[in-house]
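Letters are used for the chains, namely A, B and C, taken in the order the chains are written, and counting of residues starts over at 1 for each.
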Amino acid sequence: MKRNAMIGYTLAAALCAGPAMAQELTGTLKNIKQTGAITLGFRDSSIPFSYLDDNQKPIGYAMDICYKIVDAVKKELKLDKLEVKLNPVTSSTRIPLLANGTIDLECGSTTNNVERQKQISYTNTHFLTASRYVSKKASKIGSIDDLKGKSVVSTSGTTNIKQLTEANAERKLGINIIPAKDHAEAFLMVETDRAVAFVMDDILLASLVAGSKAPGDYVISKDAFSKPEPYGIMLRKDDPAFKKVVDAATAALYTSSEGQKIYDKWFTQKIPPKGLNLNAPISAELKNQFAKPSDSPDPDSYK
Amino acid sequence: MFATFDFDVIRRSLGYLFLEGMTFTLTLTALSAVGGIIFGTLIALMRLSGYKLLGRIAGLYVDFMRSLPLVLVIFWFYFLVPYVGQWVTGASRPVSVGAFTSALVTFIMFEAAYFSEIMRAGIQSISKGQPAAANALGLTYAQTMRYVVLPQAFRNMLPVLLTQTIVLFQDTSLVYVLSMPDFLGAASKVAQRDGRLVEMYLFAAVVYFTISCVASFGVRRLQARISIVR
Amino acid sequence: MSYNWNWSIFFEPAPGGTGTYFDMLLSGLWLTIQTGVFAWIIALVFGSVIGVLRTLPSMTASWVGFAYVEFFRNMPLLVQLFLWFFVLPELLPRSWGLWLKQLPNAPFYTAAIGVGLFMSARVAVQLAAGIASLPRGQKQAATALGLTTSQAYRYVLLPIAYRIIMPPLTSEFLNTIKNTAVAITIGLIELTGQARSMQEFSFQVFEAFTAATVMYLLINIVVVTGMRFLERRLAIPGYITGK
């Protein structure tokens, strides 16, 4: 009954719209058009990808990319006005909240892998980073094996905590793994000696160290838990029309000089709120990726 | 001991803490209390309605909610509400519900279980003669409840309802697990950004303590006044 | 509902290498019970002392009891856990704080003590009310028989008061178990925490939370049944044996 009525409405709408609307909108695009709003998921402390500035507004490299996508969506839908709603997410909540429609795009530092691709989709990769750990120089942790029997923190819901859990089981390290809500909290556990190390993507570790009270006290490991893995902005699965728009927008951004400009703004120049400069010029791999954008989850495809 | 403390971090973030954080917390508390009391009263009426099935359903709902930790319920609802919205409205995809709305729905549904028990006790405290008299005067069941029983039950239970609202005010801090910007969430965001956990959490504790203390003092005064009047 | 259900997920191996997702949840359940019981013991001990203090004739004693209860009742549990976990070690002398922080099971002890003290205030209120509800004659008769105040409490007042407050204590015990879930915020991976990690690893949100919900319901049923049995065993003939 209901379905028939719905089809009726849709037909009526299609007829009224006439030839102006050649193609019926579906999924996320349809929803954005109807509500005139798009919701971006942001992170508290994924510096410099997505984090809060001094006024507690989300900013960052991934946020900039997302705003470019928003512009493209606006243009695609020929909207005069598109309201951007912001919703905080954590590593733990981002995938369920994307799946249940609370957010439309997740703008952060989410690792793109095969397993997650079964749940959600990614647009073109915006960064490559490997999973390592940070510890205090004073605790003299030279390798992953030195973590044996110690308390190690990682952020719950990340690929990193999973890799740590797996390595812990495989190598019988007997590490006491503490899950933290977000990166800043996890890093503070190392700063306050509650955990000896924090396992996370190296770029995030580097920015946390740089922003800490005594950057000289910390060392980021040579040992890695993973190869450099791609980061992507997440969107819902099985929504080809929306993905097409998003992919086209990111590809256009990365292949143009603007991609490099946005990258430099966040990685080689001073960033708010503390005026840090991460001094992390673009890697050769990411440069290749920008020239030929892809959403591949395979780390080897970026060599 | 306090030499290494940076109390300035509190002063610098006061605006954010109160204008955004505390506003979020108080709005959530007030709306959830109103919603929870309304929904809770409905549940209490269902339980006392005399219809076996209706009473059973209401009783199960209350027992169910009261067996679960609020943290788990908060996760449940944050992830589930959009699907429920989709089901209710018959939309083709989950309905986008914002963080605040989701938290509000969670607290209304959860606290209603507790408010309903209070309202049930309040309704039962009204002597049987009153509804009987109302009935004799020709009032319908709805009118009896609306004009005779509920106003008195609500009045008698006001102190308890308010005490539960103070508990609710404290419970809203749990939206921290979802990174929402309530008062504690705001304090923790500042704390973590500036590495000033000690200062910010102590400050948050003092603020919650002061508000709850003053509020419970007020409730005690009210209780004393009500009991004298009777 | 556009969600891919997969109930067989419970029998798939979890990344911890120690078994299936179901085992993961079971270990969470076990930790929830352990933390809850440990916290409950603390709540009972401290709650009893404070509850008694509140009923003593001494002004100082009742003031201490009052201040204690107000202190623990007027702060959210989450904030209290943060104070114990993040703030306390920083206020102690450095070496003590370091020792505290590097305890291997710091979240467990913090949760048990934090939840225990939080609940002790409620136990104290219940017990004080229980003692206050006893007829004055009980205390007077005990005094007349030559019992000291502590003997009167030990042999006369407390045994009856505890039995009278059995029903509210049952629900406070259940509250204690439920409140351990708040410790998810200080890294305790109890039942809710395991359900959350299962969600993160497997992406099967609703299966994970459904299983945790069922387990909490089971805890409730077991505790309520057990306490009913205990209440009946301990009921004082001819006395109000709870509603």
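What we mean here is this: contacts are C-beta pairs under 8 Å (C-beta built on N, C-alpha and C of every residue); 3 or more make two chains touch, one makes a residue touch a chain.
What you see is a predicted model; the values in this text were computed from it and never measured.
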Neighbouring chains common to chain A and chain B, by label: C
Per-chain Cα centre nearest the global Cα centre, belonging to chain: B
Maximum inter-chain contact count - chain pair: B-C
Centre-to-centre distance between chain B and chain A (centres being mean Cα positions), rounded to whole Å: 34
Where chain B and chain C are represented by their mean Cα positions, the distance between them in whole Å: 22
Whole-Å separation of chain centres (CA-atom averages), chain A against chain C: 39
Shared-contact residues (touching 2 or more other chains) in chain A: 96, 99, 181, 192
Contacts with two or more other chains, residues of chain B listed in rising order: 79-80, 83, 86, 93-94, 176-177, 197
Residue list for chain C, restricted to those that touch at least two other chains: 3, 86, 90, 185, 196, 205
Residues on chain C engaged by chain B in the complex (per definition of touch): 1-3, 70-71, 73-80, 82-83, 86-87, 90-91, 174, 178-182, 184-185, 192, 195-196, 205-206, 209, 212-213, 216-217, 219-220
Chain A to chain C touching residues, read off their complex: 91-92, 95-96, 99, 116, 118-119, 151, 153, 156-157, 161-162, 165-166, 168-170, 176, 178-181, 192-194
Interface residues, chain C side, partner chain A - complex: 3, 15-18, 86, 89-90, 98, 101-102, 104, 106-107, 185, 187, 189, 193, 196-197, 199-201, 203, 205
Sites on chain B touched by chain A in the complex: 16, 20, 78-83, 86, 90, 92-99, 102, 176-181, 186, 188-189, 192-193, 195, 197
Contact set on chain A toward chain B in their complex: 2, 6, 27, 31, 35, 39, 44-45, 52, 55-56, 85, 87-90, 93, 96-97, 99-104, 181-182, 184-185, 188, 191-192, 212-213, 273
